[in-house]
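Please go over the structures that come below.
Both complexes shown next keep chain A, but they swap its partner, so chain B is in the first and chain C is in the second.
Right, the complex of A and B next:
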């Protein structure tokens, strides 16, 4: 019969149309909310989803996986009396590995001796050029530069971030990447313990 | 009885080729290099013998290398057999004095057409006998050849990255503060802005006219006026900024020339300025639907050069990721094809739903949905967590097969779609191989050539799957073969997910500066669009000496004129969609 294929296809569309409301109704009958709740968003992006697939941005936002990466930031440890202990030693590895070469670092030199001090005097990242590859965070030996989760950085001007704007506390890092944070802290503690044990053995 | 030359292994081919042409074929003896050096004068003769006697019917890549220090230009050819097996490399060398002349191979393999034009455009190698040697990626009137080693682009800073101005005295400045009219602009001698006459596109229209006279469709030339129509560069269904100049007789296409380069950024030159590792995120941006497959090809090329193994678990992760990306690419192809035929959005958005779920997986493992940057030399960046692996299993076992079936039920028998696609010829086997077309288009023409089988890389030889092939070579077969490939990918995924071992995910220590010994390598993978290959030459320094991408979309476009001659203009957009081109890869 001519037109059978079209009818078959329309059947699929009809099924999809019905699906849009089936889940809504069943959730409503169970007294659960399918929209504007974390549970609902998680369900809508799972393999069992059917019907409406979209999220109502910006009221709703997709759940970001831990590894999601968007523009780098610098991590500082919170010292006593709110002192910012910057982890960065301005070794320059991130500037060297950066593919579009958007990281600019000014190293601090000791005013008396003229020798370099392991602390950046200033740190610029040209966010307009940054391609979010994540190499800087991947190859940093001091866990000082990490990739952020905050993607809403649109602005009317240009985005060259300096040291002040790049610094974020380690607690923020622990919040956005809990698993990585724990892993790195454990590795650091193990390393320090090994070092202490070695020093003890030497003494 | 001796075996026919077309079934010989590569070693035997080498021996018999040198024996056949002792005077003008010599083996390339440089350390790390392979293949032959052919004398320029006898190139066509040797190439014809390779095609007809030795069975190398598919010319994969043509590219040039500028050896500035030795004052030489080299043209590198990679030829393959559609029956499978490793490829053959042969090279021609020419003195580096303008004009650098090398005979064109367009009569032996028509697939050399665009690639020779590209080599002319970017390296200034003149292919004598090429009927249409115009610039292809740069604009007409451009001065110089940017891939030559002595060419410096505007805002040129240093020969290689990392730039010294970034550290330790890295005070930020904007590149454009170096005014191009003062710093980096090279004008030709005797140039004056007052007398400047911009070059017109006469050459393009001349070549269009000549090509229509050469193969006159139905000898109707005298019967009516021909009309030239420029489609693009902003036609919405051209998948990006592709412009096509079409000559029409009524509604029938008599000749057609694609004009490209609107998205050109000289990926090759950027690559030569970068270090080996820095190229990896740039490859994501070639074919932006399949960054995983792009990473794969480049990683294979550099691993060949470095002669390092790949961690076992990483091999499986690589296969899983590329097959997932193939599935989403083909789904989008199907959706967008229907879009091109005028049924806006419903099928394409159904396809986008599944793609969304696959991109969620990419985001969870690599951190980005499209620009994954996931592969490293010797493995991958990070392991796939157990919960993501379970998510992939759910998709592969439950959701994707069901959704593929639904898509087929939705579209395959639709009478309008069938009437539009069935019986409209795309390419036959000979045309496709002659024009170096690879990927689903070649397989829909009845040539079962799939690199995963023909020249297995990674761990593809461990999986049980069929090479999808269809025999009619019309649009409907080209459409259906995508569904076949999705099913085969699902089969591979099922096996890979079952077999995936534990263990480390990289055979190397993480390092940002890899040591790559001198030599050349050609790493190729079966990307969803066709054969994606990277030709990398190293001279032992931290940056590649030559880095070339053989982009499947670009080479497949060579056949577009053959495909479209004599068909109605209304079918052109659908025919173009069949090639599944992505402009990020065509223009590079």
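Right, the complex of A and C next:
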């Protein structure tokens, strides 16, 4: 018989439609909220979901996986009295590896000697050119530049970010990428311990 | 904070006495007009590159732009309100895009989606790519990303809705007297160095100056 497939397809749609309401009722009976909650979106993103699976974006967001990457940002350590210890040394490796060449670094020179100081005077990234490849974060030897999870950055003009706008604390980085953060901190501590041991052996 | 949120939203600024607050409500023509427009921004159905795939994803049931009244992708520019430039604008495609833009009736908006449309992205110095559609069209919202995820695209659309909210019927360009088609963009001339006709006088002056020196 012709048209069997169409009927089957319509049946699937109808089942989805009914499932939405059945799921709504079962969640309501359990006293859980199916919409606009972390729990709800986690369930609707899982493979066990039935019925509606629309992400009601501004009210709720998909839970981003840790390795999700959008545009880059610069990490700073929170020093004493809220001092921003910028990790970046303005070495320029990120600007060199950037495929679309959207990073521009202004280096600092010592006012007395004129020699370069390992700290950026300013740091520009044209977010409208950035292609979210993550090479800068991959190549940075100081773990200073990382990829952000924040994607709602649309604006009415060109998005050229300066140092002030790029800086975000290390605690924020730990929050969005907990596993990577722990790994990097452990590696850094191990390196420091090895250096100390070597210095002791030499002495 | 609260005041900042409502700044420029064409509010009536009229205090209703407390005893009739649940009977009377006051609004402005602007608010009504913008409310109608903001929930029926119909995009023009065309995609240029990989960003178009994300645009399709945003339109489908997972993200469902119909929640914003943007589900009707018009195949003709005559019925569209918004041009979503989704992808790399090549020099060969540009005249067609300009023609589509000129055929759109006012009010019309342009959204540059993704790195290529905003600035040329990785192809910004390419021989065949326009380094950003904003060189030719007045872009209202820039959405960074390569490509922007459906959620980022929707965030951009919300930005556009906020822009619509802040417009006033008295000041919008399409009701200005004596300016019938104020936003007409002349067709660029296709060639090795794509020429923006609006700037031809400037180029000619530069050429004359150069010749004069030589």
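Following the convention adopted for this analysis, the second predicted complex is superposed on the first by the 197 of 203 C-alpha atoms of A that agree within 3 Å, B and C clash if a C-alpha of one lies under 4 Å from a C-alpha of the other, contacts with A are read in each partner's own complex, and residues count from 1 in each chain.
In the analysis below, a contact is a pair of C-beta atoms (placed from the backbone, for glycine too) under 8 Å apart; a residue touches a chain by one contact, two chains touch by 3 or more.
Note that the structure is predicted; figures quoted are calculated from it, not measured.
Residue contacts after overlaying the shared chain place A:71 against chain C, while chain B stays out of touching range. Contacts of A:55 after superposition: chain C is touched, whereas chain B is not reached. Once the two complexes are laid over each other on the shared chain, residue contacts for A:83 go to neither chain B nor chain C. Number of chain A residues touched is higher for B, counting chain B against chain C.
When the two structures are aligned on the shared chain, A:115 is found in touch with neither chain B nor chain C. In the superposition on chain A, A:156 contacts chain C only, with no contact to chain B. In the superposed model, A:131 lies in contact with both chain B and chain C.
When both complexes are aligned on chain A by C-alpha atoms, chain A residues 53, 99, 126, 131-133 touch chain B in the first and chain C in the second. Every residue of chain A that touches chain C in the complex is listed here, in rising order: 53-58, 61-62, 70-71, 99-100, 126-133, 151-159.
Within the complex formed with chain A, the chain B residues making contact are 161-163, 165-172, 274-275, 277-282, 346, 350, 353, 356-357, 360, 363-368, 371, 373, 381-382, 391, 394-395, 398-399, 406, 409-418, 510, 512.
Residue ranges of chain C in contact with chain A, taken from their complex: 61-64, 67, 112, 115, 118-122, 124, 132, 134, 140-146, 148-152, 154-156, 158-159, 163. Against chain B, the residues of chain A that register as touching in their complex are 2-6, 8-9, 11-13, 16, 45, 47, 53, 65, 67-69, 90, 92-93, 95-99, 101, 103-107, 116, 122, 124, 126, 131-135, 138-139, 147, 160.
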